[in-house]
Amino acid sequence: MARKVSNTRKTVITALAWTIGLLIFFPILWIIILGFKSEGDAIKTPFEVLFSSWTFESYHEVQERSDYFRHFMNSVIISLGSTLIALVIAIPAAWSMAFVPGRRTKDLLMWMLSTKMMPAVGVLVPMYLLFRDFGLLDSRAGLVGVLTLINLPIVVWMLYTYFKEIPGEILEAARMDGAGLKSEILYVLTPMAIPGIASTLLLNVILSWNEAFWTLQLTTSKAAPLTQFIASYSSPEGLFYAKLSAASTMAIAPILILGWFSQKQLVRGLTFGAVK
Amino acid sequence: MGKITLKSVRKSFGDTHVIPGIDLEINDGEFVVFVGPSGCGKSTLLRLIAGLEDTSGGTIEIDGKDATDLPPAKRGLAMVFQSYALYPHMSVRKNIAFPLKMAGMDAAEQDKRVNHAAKILNLSSYLDRKPGQLSGGQRQRVAIGRAIVREPAAFLFDEPLSNLDAALRVTMRQEISELHQTLKTTMIYVTHDQVEALTMADKIVVLHAGVIEQVGSPLDLYRNPRNLFVAGFIGSPKMNFITGPEAAKHDCHTLGIRPEHLDVTEDGIWEGVVGLSEHLGSDTFLKVEAGPLGTLTVRANGEVDLHHGDKVRLSPQEGKLHRFDKDGKALR
Amino acid sequence: MATAHSRTAARLMVSPAVILLLLWMIVPLGMTIYFSFLRYNLLMPGMETWAGFDNYYWFVNNPAFWPALSNTLVLVVGVLAITTIGGTLLALLLDQPMWGQGIVRILVIAPFFVMPTVSALVWKNMFMNPVNGLFAHAAKALGLQPFDFLAHAPLASIILIVAWQWLPFATLILLTALQSLDREQMDAAEMDGAGPISRFIYLTVPHLTRAVTVVILIQTIFLLSVFAEILVTTNGGPGTASTTITYLVYAQSLLSFDVGGGSAGGIIAVILANIVAIFLMRMIGKNLES
């Protein structure tokens, strides 16, 4: 609508929106602030907190004492690992469903999506026992495996939607130009699909990083990613707000940043196309 | 090189028999146009020849060899798609070189052929641009260039001009015809536009519901249509069809006369009242309500100054009446 | 496009994904079903006996079961209500012309990307803690007694935390849907004499209904599995005040080591989720047609 909106209206709306936005964002803001305070200051009243001195001491303590870096790397390895493996499996699958659709393709896709809807507790027991018996408890490999499986449907789905947007005629042209299947995928499909693949990778890394069921059930310390690490702070052990805040800020910062870039992918990936 | 024979070629999609059975001979160097209304199977037929679809029956021979089960890459054909289907992430040079790269040609030879094709098509200054930076006509030429470098046995064109505006269409039509004269390679061209068909073809194949209605040269189809469908499809504006007692007088079920073969005369045998009149300057088109004869379209000289409501008398030109029986077949 | 060559290739390329997911569906679930019919406790391994439907019986008759069921329902409905209504209002607000819309969007979307354990702990300690939390400080400043949220209103507190996390999701989806509204249709309606409220009722609401349904269905699937927030804040307590079916199954399986009982509970959770899933799949299926 290219009509003029009154400035008063715009101002009121802007004020309202910013207020609500800041209110919603406030907890995150508060974590960031508290992370830069000393423990003693962190528990004072809000005004005192704001005006007390800023310090890096909490960050230092977190990194030194609790081997934070190891947990961070666990999160990175698990998120990236499960995403990359999922991509390797999903790209050919999505390719065939998008470009050589059969009568059953739609049903197949729906079935894949339905596997995501199974509640995790439904298989908690066998997964725990299987992991225990195969020595996979508290192992990064085991966790990568589980996360790959639970996110595979979404990765396939997202790639499918992106592939479908590639004009089929271009692939036919490649075929006529003498490209075999491998060449077709390598020289034509993948370069054109890279934006879509990147978006899928982004969303999946975010989902894996934040996954808070299997990471809590199947790890204790060695392979524990950040979700478990933060959870271990839940037993009350006295004053620790500043350290918790510092640790939390470091844990959520990467994903917050990535998340800002992935809003469109979020809608595409998690509404399964039911909303455009 | 470039002789294609179709024997009893059939194509079904599930229970839909798109092409019940086609026999066709295409000679080396011919410019053949497949023409027909939407859904008549012309694009399907082209894709069967290309190998992008499997036949449900029958054989396709290319230069005497059975190509029915060969994949597209091995048939030695090149295709220009309606949407050009250029590789958006590659430069024009890489686009045109792609088939050569797939064939394993060495880089020097690739360059030579690409430059040669670019020169023929006036693309030499665009070689390093990407398709997104080109106009419709330029993209069209890149698509043709990509086809030329393969030195195929035949070129396949799938409605290549439909995405261009009218003026560009005329220019590209001529360019493709000139290309044919230069390269002398077989070209199979699909279009729904009968003007393109008439101007470009050596041989026209009129398709309707998957069946060949008639094969012949443009003038052949114009002068001697074999049935009602071809008669009504070829020629613009459409041929006039008259049924009833007037047709019976001429010993047939349907009488056909083209608008350009009806003269406005003082003593014409048919009379009517002008309904709509279109004055284009070069021609005048009249829609004449002729009572029991129905509505007749007449193409007259641009000087003719008749308007809505005017009474006219028309006479068909000598020897230009077409007669059809009750099954729509032409009576000679 | 679809030649015999590409079709065989296609089938080969889908198989890894299909096989993996098939195994993932059948093997663990099959094992759960099997365990649910055994009397199997991890503290006494090797003594499993057939228990028939006993586990199911005891799970349902567990004094924690009905509270857990009702808690699950209250949690899901509560979060849905807050996020759907809040999300719609927020989406409508964000769709209006304003300054700095991009930044407001970022502010509103952020909570979704915070990992559940972090958000739960932050709310528990920094806000709801009756001694040092922000709410406590605010109460004291107003001269009121600080309220121990997690002890006295555990479920409501958890609903608040989870709703905070999911509000961005609902808002984003509904905003996307709003922005896909056909402007030409709006213009046509305006020319037909429809005022802003009529346009809202007859054009916007029907268009949003579809998106709202999707939001509700998808969120329900995920909300049924809420776990980390409960583990980290209340551990299901006090008593069973904030135990959900998911948490109950976890407690039974890994805290009481009752594999048989936990499995039965797991199956019950699967059945519950399936009911919702059927509706969701129908909606998705309709969309895949187009």
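A, B and C are the chain letters, set down in written order, and residue numbers restart from 1 in every chain.
In this text, contacts are C-beta pairs under 8 Å (C-beta built on N, C-alpha and C of every residue); 3 or more make two chains touch, one makes a residue touch a chain.
Nothing here was measured: the structure is a model prediction, and the numbers come from that model.
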item: Pair of chains joined by the greatest number of C-beta pairs in contact; value: A-C
item: Centrality ranking, top chain (CA atoms only); value: A
item: Geometric centre distance via CA averages, subunit C-subunit A, whole Å; value: 16
item: Approximate Å spacing (C-alpha centroids) for the pair subunit A, subunit B; value: 54
item: Whole-Å gap separating subunit B and subunit C, where each centre is the average of the chain's CA atoms; value: 58
item: Residue list for subunit C, restricted to those that touch at least two other chains; value: 1-2
item: Shared interface positions of subunit A, touching two or more other chains; value: 172
item: For subunit B, residues contacting two or more additional chains; value: 51-52, 71
item: Subunit A-facing residues of subunit B, complex; value: 50-52, 71-73, 77-79, 81-83, 85-89, 98-99, 102-103, 146, 150
item: Complex contacts: residues of subunit A adjacent to subunit C; value: 1, 5, 10, 13-14, 16-18, 20-22, 24-25, 27-28, 30-31, 34, 43, 45-46, 89-90, 92-93, 95-97, 99-102, 106, 108-130, 149, 152-153, 156, 168, 172, 181, 206, 209-210, 212-213, 216-217, 226-228, 230-231, 233-234, 239, 241, 244-245, 248, 251-252, 255-256, 258-260, 263, 266-267, 270-276
item: For the subunit A and subunit B complex, residues of the former touching the latter; value: 167, 169-170, 172-180, 183, 187-188, 191-192
item: Residues of subunit C touching subunit A in the complex; value: 1-2, 6-7, 9-11, 13-14, 16-18, 20-21, 24-25, 27-29, 31-32, 35, 90, 93-94, 96-101, 103-127, 132, 134, 137-138, 140-141, 164, 167-169, 172-173, 176-177, 180, 183, 186, 210-211, 214-215, 218, 221, 224-225, 227-228, 231-233, 245-246, 249-250, 253-254, 259, 262-263, 265-267, 269-270, 272-274, 276-277, 280-281, 283-285, 287-289
